[in-house]
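Next, two complexes with chain A in common: one pairs it with chain B, the other with chain C.
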Partner chain A sequence: MYYIHTIASITHQDSFQQANVWNTLTPLTPESTLITPDYKLFIPPAALRRLSPILRMAIAAAKSCQENNEDKIDAISIGTALGCLTDTEKFLVTFHSAQSDTLSPTAFIQSTHNTIGGQISLDLKNHSYNMTHTQNGLSFEVALMDAILCADDGKKAVLVGAADEAIGFLKQLQPDIIQDNRELTSGTTCCILSRERKASSIGIVDCLVRAETSDWQTDISDFLDRNETKIADIDAVFVSQLEDVKYVDHAVCYIDYTGLYYSASAFAVHMAYDKLTHTNAKTALIINRVCGNQLGAILLQKDEAPH
Partner chain B sequence: MSNLREELKAQIIEQLNLEDLTPSDIVNDGPLFGDEGLGLDSIDALEFIVLLDTHYGIKVPDPNAAREIFHSVESLASYIEKTKA
Partner chain C sequence: MSIYITGYGVISSIGNNVDELFTSLKAKKTGIRQGEKAFTTRYKVGEIAFSDAELHDHFQLKTEGSRTALLGMIAAKEAFVGHELRSDIRTGLISGTSVGGMDVSEREYANYLNNTTHNLQAYGHHSSGTSSAQIAQELGVTDFVNTISTACSSAANAIMMGARMIQKGWLDRVIVGGTDSLTSFTISGFRSLMIFDEEWCRPFDETRKGLNLGEGAGFIVLESAKSMEKTGKQPIGRLSGWSNASDAYHQTASSPDGEGAILSMQQALDVAQLSPESIDYVNAHGTATPNNDLSESKAFLHIFKGKVPPFSSTKAFTGHTLAASGGIEAVISLLSIQHGMLFPNLNHTQVIAETGLQPVTEVISNVKVNHVLSNSFGFGGNNSTIIISAV
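For the complex of A and B:
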């Protein structure tokens, strides 16, 4: 069993450093905006001026986790589907319209996907293993699996999370490249994963990653079989697709609360974490089918053994 | 001449995203780099190279000279004036 604790999210919900997100969730409306903290409290001004919105929120969430974690973080594993879009757009626009031979280095440096894990590492002054995973709709699940491998490899505290940002140009492209017309949003979630159980821990029982599924319900059934449980016994089910609510009794569509970004299943983990912590629910399942035929699933469990 | 210095200050603030500063916060002959100055670093030095090329058509051919040229707004302005003369 693996455990997560010290979770932090910046989303369209009032989620950052809140004791119980589950109690305050409200479905998104067209007026919903990203609710951000005062980043100056988390990032030095000299660094802050260079950082795009996705880097600011990912670093603030990571730093919040570090501040609330007793152990030194000894690995960083981050998922992002589309990476640093603001800097990518800025670099490409400058490149396209450049009147000189030289281009601003900042947007170029920060336009690559692996900037996120790297910038977190720099800002935390943590030079241990760090990796940014980009696997479309499964980016968070792959980052989580890497974190589990790190824990198996002896890392005591792994910072695992995900971040994605929406920009105006992505919304223009949405009808052509994203087969989903729900509101595109931004968000980040980070948490600490370890093999050590603590008072605030919720267990990660298992994680499923299917790059392509032809029958997601059978795959979920097989996933639950291998964990010796069945869907009817799961107390809280979180799904990415609204239509899946009719297949899974008592399911909640987490995209209704996050808006659409491909790594939003990370915030579903936050929702599950708070539900398991603050209610009588003992098990939770997250089913992520946000991107095409990809399938991700995360099984969580409240561990009630004495600490 | 002083217009160039004020123009440079505005360009520096914009190029380096120094959103908390105004041109009046930057002293003409004050150091731009290091803790005793504005705290700029090596990436900002690259931004200065872009700034000089984009706005003034000036290239800095000798990297070793950059440290002196980029020391302050005054040294930047003097270099531009000398090169353009």
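For the complex of A and C:
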């Protein structure tokens, strides 16, 4: 079991540093926007000006996690499906329309996927392991697998997170390239986990990543089998696809609350964490089929109180 | 648990496969020359002569993809020659890339900006994860596919992720490495940073001015002993050590004393349970930027306590191939072990005054090479070291 010690999300929900997001969740409406904290509390103003939305939200979430965790973060694993799109597009425009030899490097520097993890390490003056994973709809899950490996290596405070940002241009790619017509949004979730139980009794039991599935329901059954449980015994099920709600009658479609970004299953972990914390539910399963034939699954559990 | 290496493959400006790369290294023949593409013509680059269509035909690829993906397919397929997929061996692919399908996207985005025909389908190749999925498709790998994107340390990180997944028992065998094509995006980016040398790059030389970019891909196959019992493959080396650490100093520059580099090298030695004296050759990151080479040299002096083993940067052969460099250099490290050879740091005439470190400048044969340490450092202060050892 990989216990979650603290979790922070910036999404279209009022999720940042809230004691219980589960109670306040409201489905997205066309008017929903990203609900951001006062970034000045987390990032110096000079730095803030040059940081894109994805960097601001990921740094704030990571810093919030560090502030709420006694142990210093000793490994960082970030997942992002499309990375720093604002700066990528900005630099594409810059060099395609440059008239002179002098180009501003800022957008280029901030366009690489690992700017997110890199900025977190810079901001926290953190010299530990720092990894950036990207695998379309499974970007958070592969980052989580790395975090599990870090925890197995004995790391005491593994920061694992996901971040993705929507830019206007992406809308043109629906529905041909992004084969999903739901509202494109931005969001980030970071959490700190380790094998040590500490105050939290809620954690991640296992994570499944299938690059391609031909029968996702069988793959989920096999995943639950290897964890000695079955779907009927799971208290809370979160799915990415609305049509999958009928798979089990009490499933919740998490994209209804996050909008569409490919690493949104990280926020489903936050939803599950708060549900397990504040209700009688003891187990939760996240089924992520947000992109093509990829299948991800995350099983969470609340330990019984120790006697 | 030992992690064995049972295959390698490479494509770069010094050859389309491992044999050609080895021949060029022995002949001290660089692949860097004046660029021939519209966006490279002003620079000296390690460019691969084939067009995308030629790559597809010449290497008989079945899968469509960006240039980054095509280069990755070629090197990964060579690495996987003689291997076969089977249901009782869980096989994964982990590829490092920094640009992914940007080569396709940037051309299409120019059309968009110019209000000419905008083919949205082109962006289907854009994401880095998709380039790895395309490589996996070419090989038929479906169990596990992942992409690491940590700029110039991506391939080294993909290699270490693969090793850790085998140790955990999640995979039995994994094809790991990296790929990057030259793009206008990267050329413009490095131009904006003003770290190009318009002449041939000179790693670890007092007169070095900057880097030459290159393109290519390098992959190796990692296997557990249990997997080799089933496949009957013979190992060509072992991956004995690995580590990643953050410099946490600056988004693009290395710290003056190489703090992140020291951490990554020390931790890799710890994982390998080796003392610094047991390293026979260091394949340096050595980009030839004033900043990197000084910082890395100081880190060498610290780690090896002044007694730095023979070292060289092979980037004056291939150019800096960014996310692919750790994969290509892993192949070079394996050749060093297999053939008992050290490969030269081209274009070197004058040691860096501050450190006085003399790299290997000639091909050296008939040496026993048991352990090679290879560094890859990326933007964001992302520092990685892998150690490859003789079996």
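Throughout what follows, the second predicted complex is superposed on the first by the 304 of 307 C-alpha atoms of A that agree within 3 Å, B and C clash if a C-alpha of one lies under 4 Å from a C-alpha of the other, contacts with A are read in each partner's own complex, and residues count from 1 in each chain.
Here, a residue touches a chain if its C-beta (ideal position, glycine included) is under 8 Å from a C-beta of that chain, and two chains touch if they have at least 3 such contacts.
Because the structure is a prediction, the values reported are computed rather than measured.
Superposition model on chain A: chain B and chain C are shown accommodated side by side without a clash.
Once chain A of one complex is fitted onto chain A of the other, the partner contacts of A:Pro105 extend to both chain B and chain C. By the touch criterion defined above, A:Arg50 reaches chain B but does not reach chain C. In the superposition on chain A, A:Ser121 makes contact with chain C only, not with chain B.
In the superposition on chain A, A:Gly83 makes contact with chain C only, while chain B stays out of contact range. When the shared chain is aligned, chain C comes close enough to touch A:Leu149, but chain B does not. Number of chain A residues touched is higher for C, counting chain B against chain C. Taking the two complexes aligned on chain A, the least Cα distance separating chain B from chain C is 7 Å. Chain A residues in contact with chain B (one complex) as well as with chain C (other complex) are 101-105, 109. Interface of chain A with chain B (complex): residues 45-46, 49-50, 99-106, 109.
Contact residues of chain A toward chain C in the complex are 76, 81-83, 91-98, 101-105, 108-115, 117-119, 121-122, 124-136, 138-139, 142, 145-146, 149, 152, 172-173, 176-177, 209-212. Per the touch definition, chain C reaches chain A in the complex via residues 98, 105-106, 109-110, 113, 120-121, 123-124, 127-130, 132-133, 136, 141-151, 157, 161, 164-165, 168, 170, 184-185, 188-189, 191-193, 243-252, 259-260, 263, 378-382. Those residues of chain B lying in contact with chain A across their complex are 15-20, 39, 41, 43, 46-47, 49-50, 53-54, 57, 59.
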